[in-house]
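What follows is a single structure, and I will ask about it in a moment.
Each chain carries a letter (A, B and C) given by its place in the written order, and its residues are counted from 1.
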């Protein structure tokens, strides 16, 4: 009876893992097939002659390198900007006497509830007016702002866990507020800042809607849009081998981040969502 | 080292019904060790934080070394503070923790090093200087916190229940070391505690606080032998002083005191009750309701003609005895006003 | 001047300095989150067309259906997975990470992956179902008929966002003290009883919060559906966000798109009133 229960449990866990990784793994398998085998009927579940030809093709015949570069620039800049600005704000909101601060935090969180979908049309006009269409800044600034509420909230929950004694000890030692932030609070909050940074990086690496609308030129596109726009010479000739190779390359860094920082990501997300 | 003067300090938290501190005044003399003693919620920690400048009073003034520091930020008051949870910077070495205050005041590296070595010697921290706080035991962290306070040679050292996070054995040992240390340094110190033994053993003088008011200021012997009111009388001493309407005791003929009236309370420390296993002249018989052995003595709860009190029996009380003879000596009796609780 | 809030030399005079820490963040958010809302009101036009706009009502209805299906399935599945993963076992950390992967992957890109799975000629879904004898032919045009297209969108969304639910539920479950289960066990409650007696009631606030939160997100769905079906076939999966996009880039009706945006915002406002209500209940509990 107990054995049967254990077997069922293992089976269930295996099913969950397969369900979660399946679509990704199927892309891996597809990307390793030779072009002809990709469109074989019925589909083969393992490449007969594994090859990296598709990977070579996306770099040689498509501007995939440019897409990646754009994505890296946008995601890294967003992460850096969001971490600095978010840390400062979270410190002010959680630690400094701030008349009206609580009210401000509440409105920030309220604003953050709304999906960016509803902002996109007027935001498009705004970015256009600032001549930032097809400019990385046209994505970096909105991405930073859209990630700030979440980042501030997560950082605040971590900051609040730092004992106030420490800042008082710093006040008696003679540290100014800036010194207290950079020499005491920031080093202690470093893990939290790292957590937030990982999440912000993932969000901006993945974003699609704004990137689709604001970056109309092929040379300015980020990876998600680039892949969605990958197509063959005609509508009916979708290059699935290349798409799967691009999908694997794009998702691999994210999968690696998740596997490496699982605990941290879970911590950050729960802090952000549950208490929000 | 310097004098610390607290004048008419008043403080009420937003939304609080009554003030946490109500017109507090006292002076800590240069080189004196003073304890703020009281039950939790009496305002003692708030008072210490006001002296440090970590919190501001609603009204009143603080002066340190003759200078008015009421509105001075903590770093400019030239005080040191030992936190209850030590508040060591977890990401810095012990050495860096201790040096921080001096470094920020622009002290010469040579002087900093000298002071670190001096503090390390005094507190036996030499081996621990290159470690981080996480690698230290509770007692060691406590000593580092003290070291951080002492290196600066501050005008006054403020300590907020610094021993409360140590286990009983370590607490007792550290208490002794602390006393020796401050005796040697002749430093002005204000020490907050709810533990009467700490207050009695460490202080030159004790300030007893309750409900935001000063109940009594005096030497440990003073407040023990001449409590100013019933609160001080019952807060100090274990077991606490017996306090009873004198009339009641009189009715039971337990006390040979003519001046008994309804408005007077009598107080007698359990150790002042005279006990005997044999009937002696002037002794009465009492029923032993409860005997609580503590080792060095046995605390007896005694009843006689409806009058109940506690008394101390040196050593172990014979378990078979259900009765004991007692005398409540009038010369040891404290008298308090029944309405105000004040000493008469 | 409230002196009791003043703290360690942070006098009230310095409130402005304190606020300056928050200013860069507030400015950016005002620029990106607030200004567009103001702008939307300025650009909005064609309010009178709303009442007669059949496409809008159809896409609102599609969005509501999509949200209802997706959120309810995600909740049940997310809870089941969370319960499965609370039991300690070897390699649980890795399994948790694996479960988290779909959430972290880019939605638009994984929508391409799902399109490949749903492919009518070479898709693995048709082939698998055929091998198990569940469909009569391996060639199923999942995305070409209205009913199955909606189901396909929901399935892909469930795959993508269940991890988020699982995550919230796992932390909710971790907050239920073990003693409660032990006490119920001593009282003679079996696993099923314990679930209905303890787990479900104590998890209720988390469940409610997660569902409302997800519903709001799901109401704004764009990437997934845009890549999978583009709103087709015949507008059967056209969500409100896709309709707004079409108005901007296909019909070039920017003013009307802003009006639609405001309609969407109004719907979301009602839903977030729900989230506020639930959080307040949670605070009181």
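Everything that follows uses one rule, which is that a contact is a pair of C-beta atoms (placed from the backbone, for glycine too) under 8 Å apart; a residue touches a chain by one contact, two chains touch by 3 or more.
Here the structure is a predicted model, which means the values were calculated and not measured.
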A-B or A-C, whichever has more C-beta pairs in contact: A-C
Distance-maximising chain from chain C - centres being C-alpha averages: B
Rounded Å distance between chain A and chain B, as computed from the means of their C-alpha atoms: 56
Averaged-CA centre spacing for the pair chain C and chain A, given as whole angstrom: 16
Two or more partner chains touched - positions in chain A: 168, 171
In chain B, residues with contacts to at least two other chains: 53-54, 73-75
Residues of chain C touching at least two other chains: 5-9
For the chain C and chain A complex, residues of the former touching the latter: 5-10, 12, 15, 17-19, 21-22, 24-26, 28-29, 31-37, 39-40, 43, 81, 84-85, 87, 89, 93-102, 104-114, 116-117, 119, 121-124, 127, 138, 159, 163-164, 167-168, 170-172, 206, 209-210, 213, 216-217, 219-223, 227, 241, 244-245, 248-249, 254, 257-258, 261, 264-265, 268, 272, 275
Residue numbers on chain A that touch chain C, as the complex places them: 9, 12-13, 16-17, 19-21, 23-24, 26-27, 30, 38-43, 85-86, 88-89, 91-93, 96-99, 101, 104, 108, 110-111, 113-126, 141-142, 144-146, 148-149, 152, 167-168, 171, 177, 202, 205-209, 213, 223-225, 227-228, 240, 243-244, 247, 250-251, 254-255, 257-259, 262-263, 265-266, 269-270, 273-274, 276
Sites on chain A touched by chain B in the complex: 163, 165-166, 168-175, 179, 184, 187-188
Chain B residues within the chain A interface of the complex: 52-54, 73-75, 79-81, 83-91, 100-101, 104-105, 148
